[in-house]
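One structure is given here, and the rest of the page talks about it.
Letters A, B, C and D mark the chains in the order given here, with residues in each chain numbered from 1 onward.
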Amino acid sequence: MFMRMVFTVAVAGASGYAGGEMLRLLLQHPQAQIGAVTAHSNAGSTLGEHQPHLRRLADRVLQPTTPDALAGHDVVVLALPHGASGAVAAELAERDPATVVVDLGADHRLVDAADWVTYYGSEHAGTWPYGLPELLHTGEEVAAAQRAQLAGTTRIAVPGCNVTAVTLGLQPGVAAGVIEPVDVVAVLANGYSGAGKSLKPHLLASEGLGMAQPYAVGGTHRHIPEIAQNLRAAGAPEVTISFTPTLVPMSRGILATATARLVPGTDPAAVRAVWETAYADEPFVHLLPPGQWPTTAATLGANTALVQVAVDERAGRVVTVTAIDNLVKGTAGGALQSLNLALGLPETLGLPMDGVAP
Amino acid sequence: MFMRMVFTVAVAGASGYAGGEMLRLLLQHPQAQIGAVTAHSNAGSTLGEHQPHLRRLADRVLQPTTPDALAGHDVVVLALPHGASGAVAAELAERDPATVVVDLGADHRLVDAADWVTYYGSEHAGTWPYGLPELLHTGEEVAAAQRAQLAGTTRIAVPGCNVTAVTLGLQPGVAAGVIEPVDVVAVLANGYSGAGKSLKPHLLASEGLGMAQPYAVGGTHRHIPEIAQNLRAAGAPEVTISFTPTLVPMSRGILATATARLVPGTDPAAVRAVWETAYADEPFVHLLPPGQWPTTAATLGANTALVQVAVDERAGRVVTVTAIDNLVKGTAGGALQSLNLALGLPETLGLPMDGVAP
Amino acid sequence: MFMRMVFTVAVAGASGYAGGEMLRLLLQHPQAQIGAVTAHSNAGSTLGEHQPHLRRLADRVLQPTTPDALAGHDVVVLALPHGASGAVAAELAERDPATVVVDLGADHRLVDAADWVTYYGSEHAGTWPYGLPELLHTGEEVAAAQRAQLAGTTRIAVPGCNVTAVTLGLQPGVAAGVIEPVDVVAVLANGYSGAGKSLKPHLLASEGLGMAQPYAVGGTHRHIPEIAQNLRAAGAPEVTISFTPTLVPMSRGILATATARLVPGTDPAAVRAVWETAYADEPFVHLLPPGQWPTTAATLGANTALVQVAVDERAGRVVTVTAIDNLVKGTAGGALQSLNLALGLPETLGLPMDGVAP
Amino acid sequence: MFMRMVFTVAVAGASGYAGGEMLRLLLQHPQAQIGAVTAHSNAGSTLGEHQPHLRRLADRVLQPTTPDALAGHDVVVLALPHGASGAVAAELAERDPATVVVDLGADHRLVDAADWVTYYGSEHAGTWPYGLPELLHTGEEVAAAQRAQLAGTTRIAVPGCNVTAVTLGLQPGVAAGVIEPVDVVAVLANGYSGAGKSLKPHLLASEGLGMAQPYAVGGTHRHIPEIAQNLRAAGAPEVTISFTPTLVPMSRGILATATARLVPGTDPAAVRAVWETAYADEPFVHLLPPGQWPTTAATLGANTALVQVAVDERAGRVVTVTAIDNLVKGTAGGALQSLNLALGLPETLGLPMDGVAP
């Protein structure tokens, strides 16, 4: 006889895109039971007004985001603005240290407090186990170290969406020593949901439809130190990254073109095998067959990352392209995958394996 | 102890959009086991080349669509061009009369052979039980009659996608006698996947991005007699429909605005209750709260239909708006829902309830 | 020798879409000289921040919208919120009665003050000559009457964009008596720029990309009485209209499907000739060849309206489809066309005849 | 009194996107008179079927593309598949050496025949004056050398669209010696019209809507040697380029993010001045004010290129972003600009300066 454990989850920030996606995935998870759903300015309205795609939760009323509303759940997912999660997590830990807190925001991702200060301009809240199970650590079995950190943890810092895409693209080459992590260049095509529901003119449909526009150009994007941190984990002693995201007319998806110099003397023919080996056993990260390139459509709604790699011998660079759904593998899916590990559940439990295409 | 029945399914036309969507849903169905996947011109290639979003089937090789390939399964789903399914079904029945055949094409939808000849211009293949469980029949409990027809059947004719949207929008008013089914006007915003993978210039992304274009204007669309047939089932003695689909820049989705004259003397305030009653117990068809209007995004990837109704007293018309995902509730999802009934399974088993939004 | 008259134009509301489009067209008009550009909350910033596509005006600083800034020009174009133009126009007239004022807003469009009160809920500002040169008046030479009203006027009320599309589609049939203007049904696919730069969640790119959504359903849209007014001008004694706009993922464009009952006894074969005759000499309104349907892409950036008509004999309805660019023929282009008439210039002077496609 | 010269132009390949855009611009050119319009498989049909946005040419019948049809014009524009223009040009020169031939294809762009063989795999047709008036040549006044080559020429090789974007972004830094042309990395967001009207599955709207997909990854794109050639002209002794185009859901537009290493020891504060100086007098290439970034929407339909530059000191790279309309500045507009120079007309004559936005 099968005894199914059920865990209760509260979601703070449930009227936004990250919170909404977390709810979508939790609804499909066989052991999750959705408890409180909270919001800030939208408190008091129904979830159906903000997430009309989640029919089964349409009548749920959003509570204000307070410790009282969130406490008493096995798991609390925080989809809050940067800087807000530290205090909430502390209060929840005081009430019940066993509560598992999953932070979809940036507050607890960076190891180096100086990076935080430089890019976010406030005091660092501390570092939590990093929710990218596939993160490579040099000298170890593929991804074993990261999964070990997540097993049984009560704190998960979910990676930034762009970070996940670029890291998954490049880390096999770094770990295997076939690419140089100095002078990495990454340019991303990003869907608009990555910007959240901010009411800004350049995010209007009238503007976004039919145009491509860059943002945070020239080394200012906050995901840069996080990518560097990951590539250092993979074995890079020093990392420099030129990183440029561009908004393109799609709601979801990241297509990351990340390129790095081939280490001189490396046999180009041997490069593909490095990526094949790294991801051979990964359930969510897939190296595509030669000649097939990732598209964001193939990942829509799924927790998958599609990766391809090519060597440009004339340019002396390895070019990787990675496609993910920014809200799934890039946010809520990666979070749930890590939460499964934290709770001792099968890593893939309840996670969507198939994209919705076309 | 729970004994789980497993049924095997072959999908013919697996490299197309309807076939691909069927596979996506079957992968998530707890009792379906995917058998042969076949194609016509794409036979011999892998499914991964055509459906890169279905990672678990990526290495499957497409077989040619032949009776030999399809026979021997509990269920065969036909996603074939119009006119092709009759012969295949006959051959399968001869080999094993118990095989359940689900036809995603139009061949077996129409009751009146003359309608078929008029709109399709070939010989009629016969009529199968119609795979719209929510179809109302006058004088009966809501939808009971249609579900009875589907229970235990070995033949399912899956409705046209536009037909499903318009029927769900209008039928409550017809069945309750509050709208006149004469002089119905329906105009639809349609995503491009409804046109399949046909390589035609007006279906290119360069054309479709940023434009709206109508097609089959002026009463020529083949879904017209099928809508009329459904509204007659709902109790309309005579039906006339002006029907205009328009392609708009989205891959999936149908937003159907269907309007009919309010029966003179009807109290406008009583209209909403008619739709509320009709869909109160339906798991997949939802009347939205007053003031909230359906959007296609809220149905993406889900087997849901979102419906809203308003009375325009000055115009003397009832206006309904219905949103569905053309490939799910409009095709593969509706098919699987009907198949569940045919196999004696819970109607909602394995079907996606939540859209992927934004 | 040719003496070129130059007229000066001030544009109020120059940071919005309608104002920006007016500036784009004026830049290409051989006799217009752009004077003051004004704004409300954006005053003080450069035009380049809001209209980056108008390179030649990028350094112009937006002045506050005041009579002082606008006075002293031959022409003043008002792209202001509803209700704001009446007072400004009165002040300008007092300073110089010869100033030509072009109102892109709704304030002066409606003839019947009761319509204004019903749909806009405020006091009516009065009626100005209506800026749709092609408007048919029964019993007269095609469009002559409207052009006569505009010749030499100092006041132009520019039609609503949806109104222009629906009126151009249906009016030939009304004027010729082949369609019944009672029980007209119009459903429109609309680009997002029609909603202006309002910062509302449902207008975000993340929402709008990949979905269709209706608005102002059920007879509430303010363009309804204006359409009725136009069809009455064309000869309809009484008009009822069911009107539903739907936002679809494009920035510009309106595709209006407008249908009306064929007058019983009319020979369907004679219908096309009615539209052909009506628009044979129009420079901007084109009836397409049989079998070719309007697309919004073919009108992008141009002052053209593309029209097609079909008779659906089974449904007893005439179906018209009209495509325009909502910001050109639907707003700024129609305004400039009318202004040419007001100033005694050739009607087509400086107006874009060619769309930007694909 | 002004005597206006008129030149006649034939367009070969008039049913495609490049040919259609050439016609759109020629219609607006005050001295161009459109003569023969020819096509290959579409010969015999009207232009209105293929270019419905060009109303004034809608009834023109497409002739077969033959020397007889093209001869006898002052100018012939060739919008033909790669490899086809050499023979046509030779035949036209034999009939009348004064005919100006403008090749929108790739055949005559490359100086080094070996590059042609490597990337195009056929025999090189020879090199014509290169139609990028703004191309910098080291040691000379800005762009003077290129304009001198084009003045009075009877042969123009129009640059590739991606090449124009990347060259305009990077060349000031190369010419001024502040960036290293070795290890350039360019990633582009491209609209679908760049792929022409090819009927291929991955170019369908159903596929392209809502996804980003790369192509020609890993150093295989044919525009690479052409970019290198341009940067060598600007003064680079040796050039290596990693170049990745990605299709994103827009019909037109290129957003090129091109980055190169800052030459060690360069003062970052001095970099902007280099771009400012290079483009200060250019009528079509605009360096945006600090903090404003190019968008493709702002260039739609216009012959403009919008450029911005930033220094990422941590990464040691200069990042440039350039937006153009691939069919205007990237193809037909750049061609007409060069043709103006060839004919001794003002360089900007008849060219659109304003984009169509939003």
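In the analysis below, a contact is a pair of C-beta atoms (placed from the backbone, for glycine too) under 8 Å apart; a residue touches a chain by one contact, two chains touch by 3 or more.
What you see is a predicted model, and the numbers here were worked out from it, not measured in a lab.
Looking at which of B-C and A-C shares more C-beta pairs in contact, the answer is the pair B-C. The greatest centre-to-centre distance from chain B, using averaged C-alpha positions, is reached by D. Residue numbering shows that chain A and chain B use the same positions for more than half of their mutual interface.
Averaged C-alpha coordinates put the centre of chain A at 46 Å from the centre of chain C.
In this assembly, the C-alpha centroid of chain A lies 35 Å from the C-alpha centroid of chain B. Averaged Cα coordinates give chain B a centre that lies 38 Å from the centre of chain C.
Shown for chain D are the residues that touch two or more other chains, namely 17, 193, 206-207, 209-210, 249-252, 295, 297-298, 300, 358. Every residue of chain B that touches chain C in the complex is listed here, in rising order: 183, 185, 187, 189, 206-207, 209-215, 217-219, 224, 240-244, 246, 248-253, 255, 257, 259, 261, 293-298, 300, 308, 310-317, 319, 321, 323, 358. Taken together, the chain B residues at the contact with chain D in this complex read 17, 191-193, 195-197, 199-201, 203-210, 247, 249-251.
Remark: chain A residues 1, 17, 20, 24, 27-28, 48-49, 51-56, 58, 193, 209-210, 249, 251-252, 286, 288-289, 292, 295, 297-302, 304, 306, 353-358 touch chain B in the complex.
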